[in-house]
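Each structure below appears as C-alpha cells.
Below are two complexes that have chain A in common, paired first with chain B and then with chain C.
And then the complex of A and B:
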C-alpha cells in the first residue's frame, strides 16, 4: 500500500505530524520526530513518554500521520490503526539505536529511552493536494 | 473519441523496461567498480603492518574512489571506554586525537552496540531533541547531562558508522558523514561494512605486531635485568666461594697439622681405626730394621748443637723418604738411630725384599754423609703390633724377640754394610748377592750366622735365567754391562730400582734389554739376511726395553700383584699399564719409544695371534716373554726351567702360524748347549 516513492518522507528529515482522537472525541495534534517505514502495510512510531497521543491511541486506535519528503517537501497523509507494541526485534533495535545516538549527543541519554516500537497498520495513503 | 487507454501502450512499457534495465546496469557498473576497488584496498591493507599506513590507505580510497568526503577511523582504547580518532579525511586541520566516549553519538553507539548505524536526519533529530531538552530544563524535570561536542561536521545530517570487530573484540569504529540528508543508502552501508572488515583486521594485525614488538622489548629488558642479576649473583657467589675456600684452606691446614701430629703416633693407614679406638693389637710377620751412625757421638762432639741437629734431621728426612718408598714405617728414632718396620700395619708379601732394598738405598744415598759410615741390620719374624703406652702418650709399636734380634744384627754389621739375620736367607737368595758371616754368639739367641747383603744379583750369575753353557753366556754377557752404561748415560734421571722394586721384577728391564740386544747382534752376525737386522736401531730397542713397563710405579704393587684378576681385569690392567707407561714416557721425554712399546703390548695381549709385527717388536717380545717366564718370582709359582720357557715361547700362536726366525734364533741364543727345543707344533701330525 505504501509506495516506494514515500520512503524519503519517512527518513525523519522533517518532523512529522500526528493526529489522534480521544474516546470522547477530543482531537490532538502533535509533532513527532519520525514515522518509520516497516513494510508496505505497516509503519512504526516510537513510544518514549506517556503522552496524550499515547493515551488517545490506546483508547482509540485510529490516527493519521502527515509525513514530508525532505527533498521536495511533498506531504503524504497516512491513515493508520494501532496494532501492537514491540519491545525487541529488528524494528525496535533500529529505532532504539538511532534514538540513543541522538539522545547521547544532546545529553539526554537518561531521558530519551525507547520504551516500545508501536506498530500501526496502514489504512490508506494519499498525497497532499498542496505542497506544504 | 478515443478512449483513454486502459493499459500502458507497448511503447510506454518498452520505455519503462529500458529505464529499469539502464538503472540496473548503472547500479551493476557501480557495484562492480566498487567491489574491484575494495579488493584492491583489502590487498593493500593486508600487506602492511603499519597502522598509520593502513588507515591512510583506507580513508584515501574511501574519498577518491567511493566518494565519501568526510570520514574518520576511531580506535578503541584498551579499556574500550573511549574511542580516539586515529585518522580522518575532509576536516580542516584533521581530527586526529579527538575522543568520543563509548556510547555517545552515532559513532559511539555503533561501537558500544557493535552494530552498523546509518542515519540521514541527524541534525534534524538533534534540533528536535534540543527543543525537548530546552523544555525539560525549563520545567526542571530532570538533571540533564551536558551536551557532548562531537568531532565531526557540526551540521551533519547523514552519518554511517561501522563498528570494527575482530573475533568479538571491538577494535574501533569507521564513520562517514555528510551535511546532506539521507546521503547514504544500503549499498553504501554494505560497501563500508566490507571496508570496515578489512580495516578492523588490519588494525588488529598491526596492534598484535606492535604488541609483539613491545613484548619483545619487555623481554629484552627482562633479559637484561636477569643478566645483570646473574652478574651480581656471580659476584656474590665468587665472594662466598672465596670465603668458603678460605675457610676450607683453614680447615685443611688444621687437618694437615693434626694429621702430622697423628702420623707421629702411628702409620697413616691405621689412623682412622686408631681414632675410633678400633685398632686392635695383632700378630704380623715383619722385617725390623735398625740403623746406626758409626761413632756419631765422637764425630759430632766438636760440632755446634744446632749443626748436630740440623745434620741429623736432614738424614732422618732422607732416610724417611727412602723407607717410605719401600712401604716401610719409621717406628722411632733413638739418638742418631732409626727403628723402621716393614710389613706394618697390614700384612705385606714383600716386606723382606722391601727392607733389604731400603737398606741398600739408605747406605747408597745417605751413608756417605757420615765420615765413619753407617750400619744397617735387619731381622724378620713375628711380632705383636698395636698402640702401646699410657693413654695420653701411646704410640704404634711392636714387641717381640724379632725386635731385639734386629738390634743385635745391626751391631754385627760392618760399617757401610747391610746385614740380615738368617731368617730370610731363602727369600733373599734369588735376588741378592749374599755373603755369609761367621757364626757368632748373640745374647738370648745363641750362635747364628748372619749374612751381608752385597747387592742385587747380576743376571749372569742367575742360573735360572741364563744357562752357563748357552751362547748368551758364552758370547754376550758384556751386553749386560753395555746396557747398564747406556741406562746411566741416557736414562740416568730414572730411579729404576724404585720402579722395579714395586713389582719385584728385579732387573727385569735391564735383562730384557740385554737379551734383545744380544739377539739382534747374533742375528746380524749369523744371518744371511743381514740387511733386515741392520735396519733395526739398537739404541731404540734398548730404550724401549728399559722403559716398556715404566708405568708400573703409577699402577702400584697391590694391583700388579693381584692374583684374583679375571681375564677382563687382566686386560684392563694391561691397558692401564700401557697408558701409564706412555704417560711416563711423555714425562721423561722418551716419546719416540712409544710406537714400539704400543706394538709390544698389542703382541703380548694377543700372543701374536693377530697380524704381523716388525722385527724390533719380535725381538722385544721374545726377550720380554722369556724373561717373564724365567725371572725369580715370589708369588707366581716356580720359575720355568730354561728349556721349558723356550718351548713355551715356540708355542705362541705367532710362532705356530709360520717360521719366525727371531724366535728360533732366541732359542738358539738361550738354550743350554746340546739341548733340543721342540720345533713348532705341527697340527697336521695330530690329524694324521
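And then the complex of A and C:
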C-alpha cells in the first residue's frame, strides 16, 4: 500500500504532523519527529513521552500522519491504526539510533528518549493536493 | 482572554494545522495558512486552503470541535488551541493579503530552504474557519508538551 516513492518522506528531514482523537471525540494535532517505514502496510512511530497523543491512541487507535519529502517537499497523508508496541528488537534499535541523530541536530539530545516503537497498520495513503 | 504574546505568535511566521474528526472518531489534519485572532472575543479565524478542506468541512458539519496547532518552524515553539466552531465562510478580499504576508515571513524565516518549500503551496481560494478558543496547550516538543495554559494568569 505504501509506495516506494514515499520513503524519502520518512527520513525525518522535516517534522511530520500527527492528529489523534480521544474517546470523548476531541482531536489533538502535534508534530512528531519520526514516522518509520516498516513495510508496505505498516509504519512505526516513536513513543517518547506519556503525551495526549499516546493516551489518545490507546483509547482510540485511529490517527492520521502527514509526512514530507525533504527533497521535493511532496506531502503524503497516511491514515493509520495503532496495532502494538515494541520495546526492543530490530525496529526499536533502528528508530533509537535515528531519534538520537534527529535530537542531536535539533538541540534535543537528552530530551528525546525512545520508550517504544509503536507499530501502526496503514489504512490508506494519498499525496497532498496542496502543492500545485 | 488570549494573551497578547499568543496573538502575536499566531500572527507571526508560523505553520499551522487544523485537526477535526468524523462521526466514527477518525481524525483528519489539514493545513491552515494564515489566521486572524480576536483577543477580545477569544476567536481565531484560520484560513484553510479549499483544495484540502473537504474532509475537514464534512467533519465540522457533524461536530464542531476544532484543534488548531501553530508552530515556529525554527524554534519549534508550539501551541494548540481547542474550541468550538463559530462559523465557516469564504475568505474576504483582504484576507489573501494576510496569507501573502505570512508567505513572505515564512520565506524569510526559512531562507535556508529552497524557495519552493514556501511558494509551492496552493492556498487560494481558502475558507475562514472561525472558532471560539476554550483551551490552550503548550505543544513545543518535549516532556512539557500538553501543559494547559491558565489564560486568566498568562500575560
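Simple rule for what comes next: the second predicted complex is superposed on the first by the 119 of 132 C-alpha atoms of A that agree within 3 Å, B and C clash if a C-alpha of one lies under 4 Å from a C-alpha of the other, contacts with A are read in each partner's own complex, and residues count from 1 in each chain.
Methods note: a residue touches a chain if its C-beta (ideal position, glycine included) is under 8 Å from a C-beta of that chain, and two chains touch if they have at least 3 such contacts.
Treat the numbers as computed from the prediction; the structure is a model and nothing was measured.
More residues of chain A are in touch with C than with the other of chain B and chain C. In the superposed model, A:12 lies in contact with chain B only, and not with chain C.
Shared-chain residue A:97: touches chain B; no touch with chain C.
After overlaying the two complexes on the shared chain, residue contacts for A:66 are found with chain C alone; chain B is out of touch. When the two complexes are overlaid on their common chain A, residue A:105 makes contact with chain B while staying clear of chain C. Counting contacts as defined above, chain A residues 15, 31, 33, 106, 108, 111 meet chain B in one complex and chain C in the other.
Residues 17-21, 24-29, 31, 49, 51-52, 63, 65-69, 71, 76, 78, 80, 82, 116-117, 120-123, 137, 139, 141-143, 145-146 of chain C touch chain A in their complex.
Residues of chain A touching chain C in their complex: 15, 17-21, 23, 25-31, 33, 49, 51-52, 60, 62-64, 66, 73, 77, 79, 106, 108, 111, 128-132. Note for the complex: chain A touches chain B at residues 8, 11-15, 31, 33-34, 70-71, 93, 97-98, 100-112. Residues of chain B that touch chain A in their complex: 103-106, 108-110, 113, 115, 117, 119-122, 124-126, 128-130, 132-133, 136, 142, 144-148, 150, 157, 159, 181-182.
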